[in-house]
């Protein structure tokens, strides 16, 4: 490791930062979209509406049975076909992540909502709140608070998963680093650097998650 | 829409054989990697629940290291960087002589990565068996090793059958990453069919159906197994 | 008032009649009709298929295929009698070109797409613009010329390509004892060759020349051997539109007959802006001659 060339990293920092921006933007947008759709799916399943609940369950199980790479390929092919106009790789990939992650978030949120004692929901209904009011003011706020560590852990997994956009060549952090690695034949430096950066961010994230976990009342 | 549907393509020679071949690779990678993950994950799980602080530290360090770096990056590290760090001779062997380099690397990387996840499952299984049984075992004069072999592990595995199955399914899905280093498994084959025939829709549908079928079959089998093996009074089978 | 309406209606009919004459053929071509409605021709281009279709220094798509397509655009303008038609460029990739042609987003795909009979079920192709095939690249002084020289050595190929099939078939046929390594794409393949993971890399000759011209020291590599496969490139158009296809073929026949095609070829390949340096082969010259159909 004696001839580890730090200059190559330093010199290409702006380019790498640009890639990291894409990675982070994708992560944040996918978390947001995933949680929104995931919450809707979870609520449909818990509300026990005959056909809809079944559809939501089928959606969740279906997406959970597929590799993310395949979903990325599917959407890369489908989004332009459906929209009738070309969309950049970013948009296709974002749709893929939102649809895919929604299935996972839905399971987390469903477990979170179920963990709020049904007595509370019954009490809310008893004082005359509607189903949606009960959800909005009583169940969801508590459920989300209890779910923060798990949601954070899932966010870290999602952050790692964004590296898979490699397969459609979207210039995220990993692809940017690989471009430099190939161009300048600095494989060791670039890949080790990528690993260290991912590790630092994810490790910090998981430390925070477990700290919050410990602080939460059981 | 000018798309020309041709579902028959999936059942014609050679494309049907490409799919079969791809599925074979996917399953082989998944099973081999799972064996590595299961063995190493169990050892690490034991280490993390051990009374020896050094062993516990090694277990924890392994888990943190391997689960905080994206699998794809790990795959690249093994494939591109690892041979360069070896002594000249050994590096040359890995790069040139090692049989099926892409396949071997994928199995190794996937196995080592999943071991960190399995370790956590095994650990939670052992912890679920409880300190009481552990102490009881020691009290009747069993050694630490024997407590693990006869009491903790058999019970732990039975408790964590569901998570173990879902880890297998995760490996099964993650094996698609092999295509990034040139192993044409099921997802790779699908893209190959699309590339050759331009019938992408049909090809992707085929892969989707195959992945789902395998997943649901394994899950059905797991439910059956779980019912037969559940430890009375323990979670899992009550769902 | 009524009279005015009738006169207007009549003159409108006459006007339509006249433009109708200009449309002549366009009436039964969904593609031409679409172009007339939109007021622009949509060209699907690649971003890195050097020198066929790529993003140039001015951030505009340029290349051999693009130049040919611009000639076709000129003919579309004449056909539709609309000089104000503009060109809209849409980037495509190996995977998005089919959905974008199928749903009518792009009218012409001007990249580096191989024409084969299976694909013709899904799209139509214009005349062959380029002929390539599988060859092997190796380091200079490696003593490798033909695939037979790889006995006991290692060859790399991009997984899932026609090159892979052709190379494997040739290896099996000759019974050569060579180790095969598949890689994800050309950049990984080139990396493998430069880091001595493999002794030779097999791919389309034009891509190999391109990879060499981009590498750090182009003098260190060579492209050798006979063609192990036949890959004719062509411009893709939507299927089931023979009128539009014919229009394209007329333009290309004229270019091939007049020598215009050769001029475009030399501009991009001999030596070309990227220094790829591939002189017009007899084979391609012959293809130009045979595709120069008379009127």
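Labels for the chains are A, B and C, by order of writing; each one numbers its residues from 1.
The working rule: a residue touches a chain if its C-beta (ideal position, glycine included) is under 8 Å from a C-beta of that chain, and two chains touch if they have at least 3 such contacts.
Values in this document were obtained by computation on a predicted structure and should not be read as measured data.
Look at the CA centroids: the one farthest from the centroid of chain B belongs to C. The pair with more inter-chain C-beta contacts, choosing from A-C and A-B, is A-B.
If each chain is reduced to the centroid of its CA atoms, chain A and chain C end up 38 Å from each other.
With centres defined as mean CA coordinates, chain B is found 21 Å away from chain A. Each of the following residues of chain C touches two or more other chains: 95, 98-99, 102-104, 191, 195. Counting partners per residue, chain A has 73, 77, 81, 187 as the residues that reach two or more other chains.
Annotation for chain B: residues 3, 80, 84, 179-180, 191, 194, 200 touch two or more other chains. Chain A meets chain B in the complex at residues 1, 61-62, 64-70, 73-74, 77, 81, 156, 160-161, 163-164, 166-167, 174, 178, 181, 187-188, 191-192, 194-195, 198-199, 202-203, 206.
Interface residues of chain B facing chain A in the complex, by the touch rule stated above, are 3, 64-65, 67-74, 76-77, 80-81, 84-85, 169, 173-177, 179-180, 187, 190-191, 194, 200-201, 204, 207-208, 211-212, 215-216.
Taken in their complex, chain C has these residues touching chain A: 90-93, 95-96, 98-100, 102-105, 187, 190-191, 194-195, 216.
Residue ranges of chain C in contact with chain B, taken from their complex: 94-95, 98-99, 101-104, 116, 118-119, 121-123, 154, 158-162, 179, 181-184, 188, 191, 195-197, 238-240.
By the touch criterion stated above, chain B contacts chain C in their complex at residues 1-4, 6, 80, 84, 92, 95-96, 101-102, 179-184, 188-189, 191-192, 194-200.
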